[in-house]
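Note that chain A is present in both complexes that follow, paired respectively with chain B and with chain C.
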Partner chain A sequence: MMKTFNAWLKTIIFYEILIGMKATLGHLLRYKPITLQYPHEKRTLPDSYRGMLALLRYDDGTEKCVGCDLCEAACPSRVIKVISAEVPGEPTKRYSKEYYMDMTRCLFCGLCVDACPVDALGMTREYEWAVYDKRQLRLNKQQLLAIGDRSFPVREKRLELQHPNVAFFNVAFRQMPPKEG
Partner chain B sequence: MAEVGLKLAFSLAQIAVVMGIVLLTVMVLTLAERKVLGWMQDRMGPMEVGPYGILQPIADGLKLFFKEDIIPAGANKFLFSLAPILSLVPALIGFAVVPFGPSRTVELFGYQFQPFVISDINIGILYILAFTSIGAYGVILGGWASNSKYSLLGGLRSAAQVISYELNVGLAIVGVLLLAGSLSLVKITEAQAGGFWHWYVFAFPFPQIFAFVVYVISAVAETNRVPFDLPEAESELVAGFFTEYSGMRFAFFFLAEYANMILVSCIAAALFLGGWNAPYPGTLLPENLAWIEGVVWFAAKVYFFLFLFFWLRATLPRLRYDQLMRFGWKVMLPIALGNILVTSIAAYLFPKG
Partner chain C sequence: MVETVKLTIDGHHITVPKGTLVIEAARQVGVMVPHFCYHPKLKPDANCRMCLVEIEKMPKLQTACSTPAAEGMVVRTATTVVNEAHKSVLEFILANHPLDCPVCDQGGRCDLQDFSHEYTPTTSRFIEVKRVFPKEYFSPLIETQMNRCVQCLRCVRYCDEVMDVKALAPSGRGTMTEIKHFTHHELDCEFCGGCVQICPVGAITSRLSMYEFRPWMLKRADTVCTYCGDGCQITIQTKENQLIEVMSAQGAGRNNGDLCARGFFGYHVSTHPDRLQHPLIRRNGELVQATWEDALEWVAETAIRLKLAHGPNAFGGLIGARCTNEDLYLFQKFMRLVVGTNNIDSSARYGQINGVRALRRVQGTSRWTVTFDDIVSAEALLLVGTNVTETNPITGLKVKEAVKKRQATLLTIEALEPAVGTISNIANLAAHHFSVQPDGFKPAVLGLIKAVVEENLVSQPLAQKAPGYVQAVSEAVRRLSWQAIERATGSSSQSFIDATRSFTRTARAVILVGQGVLRAPDGSGLTATLLDLLLLTGHHGLPGCGVAPLAEENNDQGAVEMGAALEYLPGPSDANDQAARARLAQAWKEELPKGPGKSLMEMIEGARTGSLKAMFIVGENPAGSLPPSAGTMEALQSLDLLVCQELFLTETARLAHVVLPACSYAEKDGTFTNTEGHVQSVRHAIELIGESRPDWEILSALSVLMGYPLEYGDAKEIFKEIRSLIPGYGLLGPAPTPPRPDQAVVESYLKTGYSSGLAERYTLGERRAASGERKDFSLTLLVTQTLFHSGKFSTRAKGLLQVQAEGAFSLNPADGTRLGLAEGDRVRVSNDLGEMTTTVKLQDRVPVGLALFPEHFDQEARRLLRVSTDPATQVPYYKSASVKVEKAK
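For the complex of A and B:
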């Protein structure tokens, strides 16, 4: 009896609505916006942020890419196109003669970076890549290297202890945990 | 002849001032709504145009003014153009009888004028109800003439909603009219002078608190605001009856909505909360400055209601259509009728002074 009376009372004084209005008024009085005024202030990105892709160089300025095509194979959206060629005068070494990325299709999964045996690909923290013409998003090797140059000013040392033909294997294994014993 | 000319000039000046204030308030409201809504939802609202976004209404106005005015294919051109005007004019014309400040007369060149009300006609509230009903035509015709399914559905919903809730507005007001014994807004407000216990929400012999609640809810429904914004339900009908409108015609509907909000707030303040009367007896300022106090109190009450509109919008979800109709006819209408009955008995048992 008391219970039904209380329920009835709550109905006629709009109890639930008043609770909700109290909540909204509380937010108004304790105004603490979570908005970031984007173009004026930008959030700090995490270290592992997966932004624009870039091609990297060694500290002596040579390209890391050995033209192995593994990134092209790993890419789920077929963003990457590599045209591989021999390094002129060094028949055992290869490099990417041409390297294209169609960033309109890229979904920033990072599989190409994982697939690269010589760590020639990197993901930068650039994300402001809105353009008026989407053809500008088809990047060639020079553009990708330029992105890498401005995003990774500290370059990796070229490994010298190994024979240059097998250097990239060691680079790949370096990320593995060290063997026990 | 001179008298007519002088009266005409004074009336025109009054109309210009009132329209200016109303349109300025609309501008302020468009910004205030977005700001208040933002703050309540932990956002900032518009921030880009001017410091803290205070020039946003001007930017919006300019944008709407220069936008292309499209008449959709297959639309009835005459009605399509007529509907926004039919919607805006009744919303603005109601302000003719709203008293914004104390009813005093000033003598100008030997003639008497009332500065704070454009025309104190003796059927004031009836006049407002009549004209706001015409506003529904604008919505329905606009919805029908657009040749679009969303607009038509929005217009139909609006027709049913406005008609059902206008009835409740009318019936909720009757209690106050019984107590005041007048239809003139000036006389009704004057009858509530002398402290907040004389306001009709709390007044002896029978407080009109139920009528007040019914009026406020119905007013929200009548102006098509959340939670009764079914005619323009964004998530289902794009924008309801003004889906196909753009440019200045869209701006007219927009102005009409906000002008209607101000109008129902003015009526609520004048009828239930004592209009320009302060909640304490008399005035604090000396006699010749008392009008400032009155105008400020009236504005404060109106803005309280406008804030309530925003507050409800930030809080409540939209009603379903059958809920809306059930609420209007089965809950609001009986309460309003019962209020009339009890108020008439109380007014009969305790006749005025």
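For the complex of A and C:
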């Protein structure tokens, strides 16, 4: 008897719906919005955030990149293209003559940053890269360096002889004749 | 039967020939023993200690690279003890090796990198400062980074054992050992690139492609080198359609991975900025860019008009022997069927024809009856006028291997003196050397034959089989006096007798004939005389014996076999061989043109006199090769139609009415036939440059427009047709089987064939210049090939230009002293035809009385030369002249 009454009561007061909407109704009373009013409001990014890629420089303004193509090899989606050469006027020293990133394809996995032996690549906290023309996302070396310049104001100190234990690393020999192009 | 031993390696049972090294036996069962200093081409050195293995019943670890396999041996390569040994060896190497893999060109294909990944922990216990060598400039093409060196000495041993150049040496002791060249100035060697290829790490790399690539980016194409007749297999490595470097894998091709400077550093010729990229057509006296349609239609129209007006024999065709067999075959078919003339010639006319003629005459083959392997296993080698280390460096390596590793007796008759030099000199290895002037080859050969006859060394079976022949030759050489031969060669009669004795003693003898003979007056006759020598000594017809004329251009042999010559149809068979004509007519469904045809010099003469109205020239530059005294320029200018298919705007192409851009060997598919008659595939490494097309495609398109279509889908289709018509083109296998001498032809030669021209062949001839001491200012100028270039073609390769960028007048220091000239002096060289000013280079290897000038830079030197044409084979000779030398003011 009692059982039948309870069932009837639950039916007429829409008990299941109330249970189901418990959280909703609770928030109806204690209103606290979680939507961010982007672009007026912005989220706090975690420390390990993987944003736009950038090329970095040493404290004296020289590029860190030695043009070793390891980022190109590590990239799973063929974003990077490096054209390496000898630094003009600095025989036997290697650098990237041209450096391209096709950001339309980038997964922001960060494997290129891990692969870089000289820490020349960095992931910035920039993510606002929506553009009307996809071609603007094909970045060249100057653009990537500019991103690095604005995102990493503190630069690493450059050492000519990086450490006696690694012996010479990418050093120019001025007495050598330059490579003929 | 080879003695074998059974051994066990890591549980695998294997039977190997006795004397096999454990490392090689392990390789056969698929066990890779890590090593740095071991290389199959080199003698074991066991200095790197990387290949240590455990062998049962031996108290200590053994080096697998120097331990021969023994019966019942049980080898273990992956035990804890062995791994510990690997670890400690690598720890010592890595104690000093810089961590510059990211900028090292070897990174990615480095043995040390691979072994470190496999055998070492990621950290090192060494905290000491690494060894640093002061960097010294090495050479324009080869870069050293001694900090990376692991001191395996492979480069030093390769340079000595294989190349016989000895340009490198280790200096210093222990970890401070450094690879150096002997002198204080930059490296001056053969630049074969062997040290670059053999270095297991990045200590020696190519400066030419430095920093342009990483190994994993490279796309490979196995093809054949385009320079000399050796036909080395090369692997062209490209990155995004750019030529990056050339390698040759150990064991690959006829060269077994060895290359010369031309092959290793000469590849940039294909992408030279001067390459023709569009058809050019002459309008108002100027060559202007045109479309393919315009150019081809104009050519077809003009050619049809001229053919109607003057007949097919007013046309001439000339093709360069750097073209593929497919190009050559289609060219002769085009000339014979579409145009309808036998006026066909190729650059094989400059010399190769001489050798082929002699071989066909005496033994009925048009190829060598020996292979490179027979040269290596020969017991006696006779080199006549080859300068083999410069003209055919890889054949030279085979000769070096025969002499150095197998103790063959080497006899050389060369315009060379044995001398210590920066590049190897075959005369240094000779047991019997005859240094002669360019016209002394014949007297020296006759001296050898005279010694054979007079010392009763004539083969008895031959004397019984062909008494008439032996009698006639004996009488002919007996008529020559030893005094005259000694005067002509500068060598004593005893030296000829000694040389002949050591030659006849052996069971396997090979005679190599070089450009000094083939590109000289009566080259064909002298080659036949050398075959006489082989017949008389009884070597002829034995396995591994034969006369081998060396080809200068990579497809000289192919040009003859494809029938790109007036006297040969594809096969090659004689142009008036009725059976061959019938067979070809059936295959081509068209009658072949009759009439004798004109050779290169006759075509030029015809153009001058006006009987020749039009010429098709494919990849050949007669205006740039023949001296101006031949009047080629004027002759070609008077033509009504000159069509050139060229890579570059050469001297000849500048005179043309239409220039059609052809593609180089790096862009086309096809086959080349090397000097030993080995047919090898050419594969494209890069895409066609600009609008250039393969030569066969251009000819095919022209044939359609001229109303006689010779249409093919690709080069393979042409090759199929070649295969059905020409013997020896069936299989493109790794080991060619040389043809045997045709006994019927040999017998007819021994019966009657020898007698024609015997008197001329067995005379010493007029001395054009006396060798030895001269009092006046005259010298014999000889225009020759050098190691670093091949024809004019390679003078567009930037790598080779860094080694040799210009010609120098090389003469013996004794002549230098006599004429008051020092190294680097400017000299004025003149004769009645003209003069030139050039730089002096003093070289011990040049015989006294002779001066050498490289033909690759002979634009000026050509003015001093006169052409003489061989009446029998129509071969033009223009290599030497008598000149007066004086110091320039």
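Assume the second predicted complex is superposed on the first by the 144 of 181 C-alpha atoms of A that agree within 3 Å, B and C clash if a C-alpha of one lies under 4 Å from a C-alpha of the other, contacts with A are read in each partner's own complex, and residues count from 1 in each chain.
Note that in this section contacts are C-beta pairs under 8 Å (C-beta built on N, C-alpha and C of every residue); 3 or more make two chains touch, one makes a residue touch a chain.
The structure displayed is predicted, hence computed values, not measured ones.
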Partner chain in contact with A:Y132 - chain B first, chain C second, else both or neither: neither
Contacts of A:Y38 with chain B and chain C, given as first, second, both or neither: neither
First (chain B), second (chain C), both or neither touched by A:M21: first
First, second, both or neither for A:D69, with chain B first and chain C second: second
Chain B versus chain C as contact partner of A:F5, first or second or both or neither: neither
Chain C versus chain B, contacts on chain A by residue: C
Chain B versus chain C as contact partner of A:P117, first or second or both or neither: second
Those residues of chain A which chain B touches in one complex and chain C touches in the other: none
Chain B partner contacts - residues on chain A that touch it in the complex: 17, 20-21, 23-25, 27-28, 31-35, 37
Contacting residues of chain B [partner chain A, same complex]: 36, 38-44, 47, 311-312, 314-316
Residues on chain C engaged by chain A in the complex (per definition of touch): 96, 98-103, 107, 126-127, 129-132, 135, 137, 140, 143, 145, 147, 207, 210-212, 214, 216-217, 798, 802
Touching residues on chain A, where the partner in the complex is chain C: 66-70, 73, 84-86, 92, 94, 117-118, 164-170, 173, 175-177, 179-180
